[in-house]
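Taking it in order: structure first as structure tokens, then the write-up.
We just call them A, B, C and D in the order they show up, numbering each chain from 1.
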Amino acid sequence: MKIQEADAKSLLLAQGLPVPGWEVVRSAGDARRAAERAFEAGAVKVVVKAQVLVGGRGKAGGVKVAGDADAVEAAAAAILALQIKGIQVRKLLVGPAAEIVREYYLGAILDRVSRRIVVMASAEGGVEIEEVARVNPAAIHRLGAHPHLGLLDWQARQLAFAVGLGGPHLREFAKIAEGLVATMLVNDADLVEINPLAVVRETGPDGMAVERLACLDAKITLDDSALARHPELEALRDLDEEDPADREAREEGINFIKLDGSIGCMVNGAGLAMTTMDLVKRAGGEPANFLDIGGGARADKVAAAMRIILADPQVKAILVNIFGGITRGDEVARGLIEARAVQAREVPMVVRIVGTNASEAGALLEANHFATASSLDDAAAKAVAVAGPAR
Amino acid sequence: MSILVGRDTRLVVQGITGREGDFHSRATLEYGTPIVAGVTPNKGGQRALDGRVPVFDTVAEAVRETGANTSCIYVPASGAPDAVLEAAAAGIATIFCITEGIPALDMLKVVEVVRAAGARLIGPNCPGATSPGRAKVGIIPGSIHREGGAGVVSRSGTLTYEAVQVMTDAGIGQSTCVGIGGDPIIGTTFLDVLRLFAADPETDAIVLIGEIGGSAEEEAAAWATEHLQGVPMAAFIAGRTAPEGRRMGHAGAIISGGSGTAASKIAALEAAGIRVAASPMEIPAILRAAGYQG
Amino acid sequence: MKIQEADAKSLLLAQGLPVPGWEVVRSAGDARRAAERAFEAGAVKVVVKAQVLVGGRGKAGGVKVAGDADAVEAAAAAILALQIKGIQVRKLLVGPAAEIVREYYLGAILDRVSRRIVVMASAEGGVEIEEVARVNPAAIHRLGAHPHLGLLDWQARQLAFAVGLGGPHLREFAKIAEGLVATMLVNDADLVEINPLAVVRETGPDGMAVERLACLDAKITLDDSALARHPELEALRDLDEEDPADREAREEGINFIKLDGSIGCMVNGAGLAMTTMDLVKRAGGEPANFLDIGGGARADKVAAAMRIILADPQVKAILVNIFGGITRGDEVARGLIEARAVQAREVPMVVRIVGTNASEAGALLEANHFATASSLDDAAAKAVAVAGPAR
Amino acid sequence: MSILVGRDTRLVVQGITGREGDFHSRATLEYGTPIVAGVTPNKGGQRALDGRVPVFDTVAEAVRETGANTSCIYVPASGAPDAVLEAAAAGIATIFCITEGIPALDMLKVVEVVRAAGARLIGPNCPGATSPGRAKVGIIPGSIHREGGAGVVSRSGTLTYEAVQVMTDAGIGQSTCVGIGGDPIIGTTFLDVLRLFAADPETDAIVLIGEIGGSAEEEAAAWATEHLQGVPMAAFIAGRTAPEGRRMGHAGAIISGGSGTAASKIAALEAAGIRVAASPMEIPAILRAAGYQG
């Protein structure tokens, strides 16, 4: 589960990381008032950032810096009018804009190959790190944290020296890097990124300029499997951005991703679901979704999956592909029969059920006049044929 | 011989009295695999599966009393990491963890401890393994198999069944079929299984079924280039049409950056001389074309 | 550092362990009032326990159970009048007395041989566990916790089954055992013991009897080396029971233990200090103390050590034995000269300084008319000779 | 050959720019031991010990640039566990940790990680080791030694110096003298060092200096019974007169229950045929009586 920047910053703050203050607002007026408070507290400029879960905010005009309250209000109004990658901006982060001296990248990710939390740091911060990885992989320094002890102090120091943050910022950097991994461990995150981690210039209480490290942006992805033991994190789910179909799927325990095609797919197992999509495409069609009903699905779950698929008006045909193992084919057939009895609109359906209780399923489907298919390739071809040509 | 499971398998089922444990253990017994013990804390002294299997409170006791050497875990996600650690500490050599939904950071630690204990973990979130005609551990339907010489290794569940069924229908039997699981952190990788197949005299061909995300397939391909020349192989990669950057169901399927895409995996496999099927249905033909006679 | 039972119980409580309530009081009147509160809350009997850091309270009459407030007040007065192993009782723990169904022992100790935290459990609880270990070692079940992960759930269950606490108390026991190790880890303890851990009978809110596990006594020893990072634990040090000499030694970083003999010893290094005591005894004397001034001690520390030794009126002679390594002999000699110039009373002294800067030290000592010795045995013999015969 | 330190020793000193590190490193250099590098974070690029030794920011860099194979740690207690872990990760084979006052639970974890990394840790809270005439690491005064064939192993600091001085004065030289440290959790035990001495062709006699607390001396005695028959040995145990149940200075000296007493240790050693001196001064005579000619 992705969480918003402001929530990610709160989690970093809880581990003692240096994150400049902010407020989250939902209107240009509130943005203005938050900015006035920031200016009063000494900010020279204020930043306004769209809070959306998709990348590329900056390029889309979702981040603006302004020097007075009027300009902040105007910027906020402009950003709140934006749709970024199809997502309507509803919330803004407002806070003092830092005076950046130099930007770094710092991230931690669960690495499946090394089976470690890998911490990555780069002196090429503030930009798309994937781009740095592609163009100049040597600019990204990597280290595997200890599986039991987390990021060790010497590892944090080694990264600091590697990105040129020895000297006055050594201890600061080490503390941040260790806190990054602690944030990951405490919250069961898959990914924690600070980009940019920046040396910022501030005016100390004595009026002298001081430079210190600060976390200016934060991105955290949580492990869905661990949310059950972190109810406080489950509460961070952004329901504003969640499509009703996505929500129903999540609540039913169905893995669902909407796509742009016309052939709705209902499959058991993620690998087989992807394969089904691949074969639809190979047969000349376009899948409307990825949908995995999981193992051992029963009739009511099948009915829910059908509702979710049909909620997409682009769907012109449905392909059901079930290989019964834990899942019993006759249960699925029964679910399909029930679902069709109450479904909102008539859409042609091709059903393939093999494996456990396949013959019982076949008899039920035949008795209820479903179009069936035997092989995987055959099922895909038939579904494409009934859906008509792809756009 | 076969790998991982075989005639020497003496199985203990952890969580044997739960719904899943009971259901699949019956199928395992029917397949002829000796389930010598079950473990459910506080149910020690009872008998499971209609009295056919003694239940113990601890794995250590089960091992001591029955000589179990392989474990299959159906314990719910909250207790499964501990179940794996208990099995490893009790001296179980091969541990299958079927349980899905285990937090990845738990597995990070578990994998490290299991490795240090010298045990082998397959999974979690895996369907298990079958050596047709010898033994079956886990939830792969026994009916799809046929005895033979092709080893199958896969990250997927039902997709594996699909591929195995196609092979069986085409008359190509299997030495062992292994589902290694789709979670980000798993105990046994493609590469580990390829090594085992390479050393198994009864495995004469290999089928590898991967999917997008991670780089385990690329890693396996690189190793195959050096160590599996002359072994007839076929591969399939699910997710050619999956959009980038989205999760496809389980966490096994994240695409990040340029690596981990279907294209990258297919290129790596083809570079190793392994033909990649466009549909699982093509697997038998590819094996035959690669010279497999079995 | 040993801490009082009440403090140990607080640390267990902080890890979620079931500890019946208590109050700590310093007078019989306060004990009465605490007991009245306990009776009001439903207690049938109340226990009064001396809070002292030495063992054997029970045998010494330091633990009493009473059924009404008068009896509690009398018991408290009696216990407050006690000296237990030379320690005046100043504080009492007062709380409801549990109805004990069965007693167990549960402890965790840092084991130097296996280099693990070893958790021990026994169904033979409520008695001296050392006695059980001697008479029936098989009755104590042991398990090494994982060095990184602590006590694993299966380990806790295994111990539960071993002591016969499977069944309804399995989860309770496992939680307590895991909490025991967590208490050790969180507080950097060397030893955490619950004796007895008991199945107690209580009356539930519905009036029905319920049985549950409870920690009825607790003993915790903290790692002195780790106190610096636990200021809240340092605050638990019982200054009431600390001798002024012990306090000065601790504050000066001197390892000091008062003994009963007449020859004060000042040595650098614990092993050499024990050896010096052994040789004093072998030469027919009795050491008055163990005193290790540590490595690299300077003149002021030497002077402090001298004050601490001379504060003991039984001391009739002082033996100084220094093998200079980090410690410079001339520094020690200078410290001795300074200390003698201001010391409270005249006591004969035998000084042996070898190793680093021994010849400079020798010259200083000679110029100031100190009695010196060359070998270890010689030094011990001379000190015994000047002190006169042991009692 | 000698053990642990010798002609092949290439030393890196962690904490070389601190007061202790500087002081003892000078003595180490004077003894002729090559200190090839120092490590102090943020002082990389400087030179220590009057310009004689290059300083690096990390141990990894020091190893890469100088081929250091042995480390000596003078880092304060708060940073010492990390320093040990850094050395082990950088591939240092032999790590001496001189630092005292490290929390025992920290060492529990450090010892586990060091063991898994295949490195050897001596200490913490140890004086180091000297192979007279070859190399010295740590804080044992070089002047007390004499080249020879007796190995000395001890839990103590100054008591070791005392014993070694007595041996040297009696004309008995040492192959290697090792102080293993007095803390409850240490990396290398008596037994470990006895094994090394047993395998060292240049060690012809062994002196073991123990103290009350724990059971390491008993363990060592049991091993010696089986593996060191015929090797001239002598022992000394400090704390015969220590009262039970009190700590004598460092945590190494707790007596608990009946085990760990001086009497128990002396009995175990005598049962193994090892005579225990009543005073360190008796050690040379015991070695001679045991047939040591060196």
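Here is the rule we use: a contact is a pair of C-beta atoms (placed from the backbone, for glycine too) under 8 Å apart; a residue touches a chain by one contact, two chains touch by 3 or more.
All figures in this text were calculated on a predicted structure; none of them were measured in a lab.
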Would you pick out the chains that touch chain C and also touch chain D?
A
Select, from B-C and A-B, the pair of chains that is joined by more C-beta pairs in contact.
A-B
Among the chains, which is located farthest from chain B on the basis of C-alpha centroids?
C
How big is the gap, in whole Å, between where the Cα atoms of chain A centre and where those of chain C centre?
54
Cα-centroid distance, chain B relative to chain D, in whole angstrom
49
Between chain B and chain A, distance of the C-alpha-averaged centres to the nearest whole Å
29
Contacts with two or more other chains, residues of chain C listed in rising order
148-149
Using the touch rule from the top of the page, what residues of chain D touch 2 or more other chains?
109
May I ask you to sort the chain touch graph into line, ring, star, complete or other?
other
Chains that touch, pairwise
A-B, A-C, A-D, B-C, C-D
In the complex, chain D touches chain C at residues 20, 23-24, 77-78, 100-106, 108-109, 111-112, 127, 139-141, 143-144, 154-162, 165, 182, 184-186, 209, 211-212, 214-216, 219, 236, 238-243, 246-253, 256-258, 278-281
List of chain D residues in touch with chain A within their complex:
41-42, 44, 57-60, 79, 82-83, 85-86, 89, 109, 113
Applying the document's contact rule, which stretches of chain C touch chain A when the two form their complex?
148-149
The residues of chain A that touch chain D in their complex are 146, 148-149, 152-154, 157-158, 161, 166-167, 170
Given the complex with chain D, which residues does chain C contribute to the contact?
110, 112-113, 115-117, 130, 133-134, 147-148, 184-185, 188, 190, 223-226, 229, 255, 257, 259, 267-275, 277-282, 287, 290, 292, 295, 323-326, 354-356, 375-377
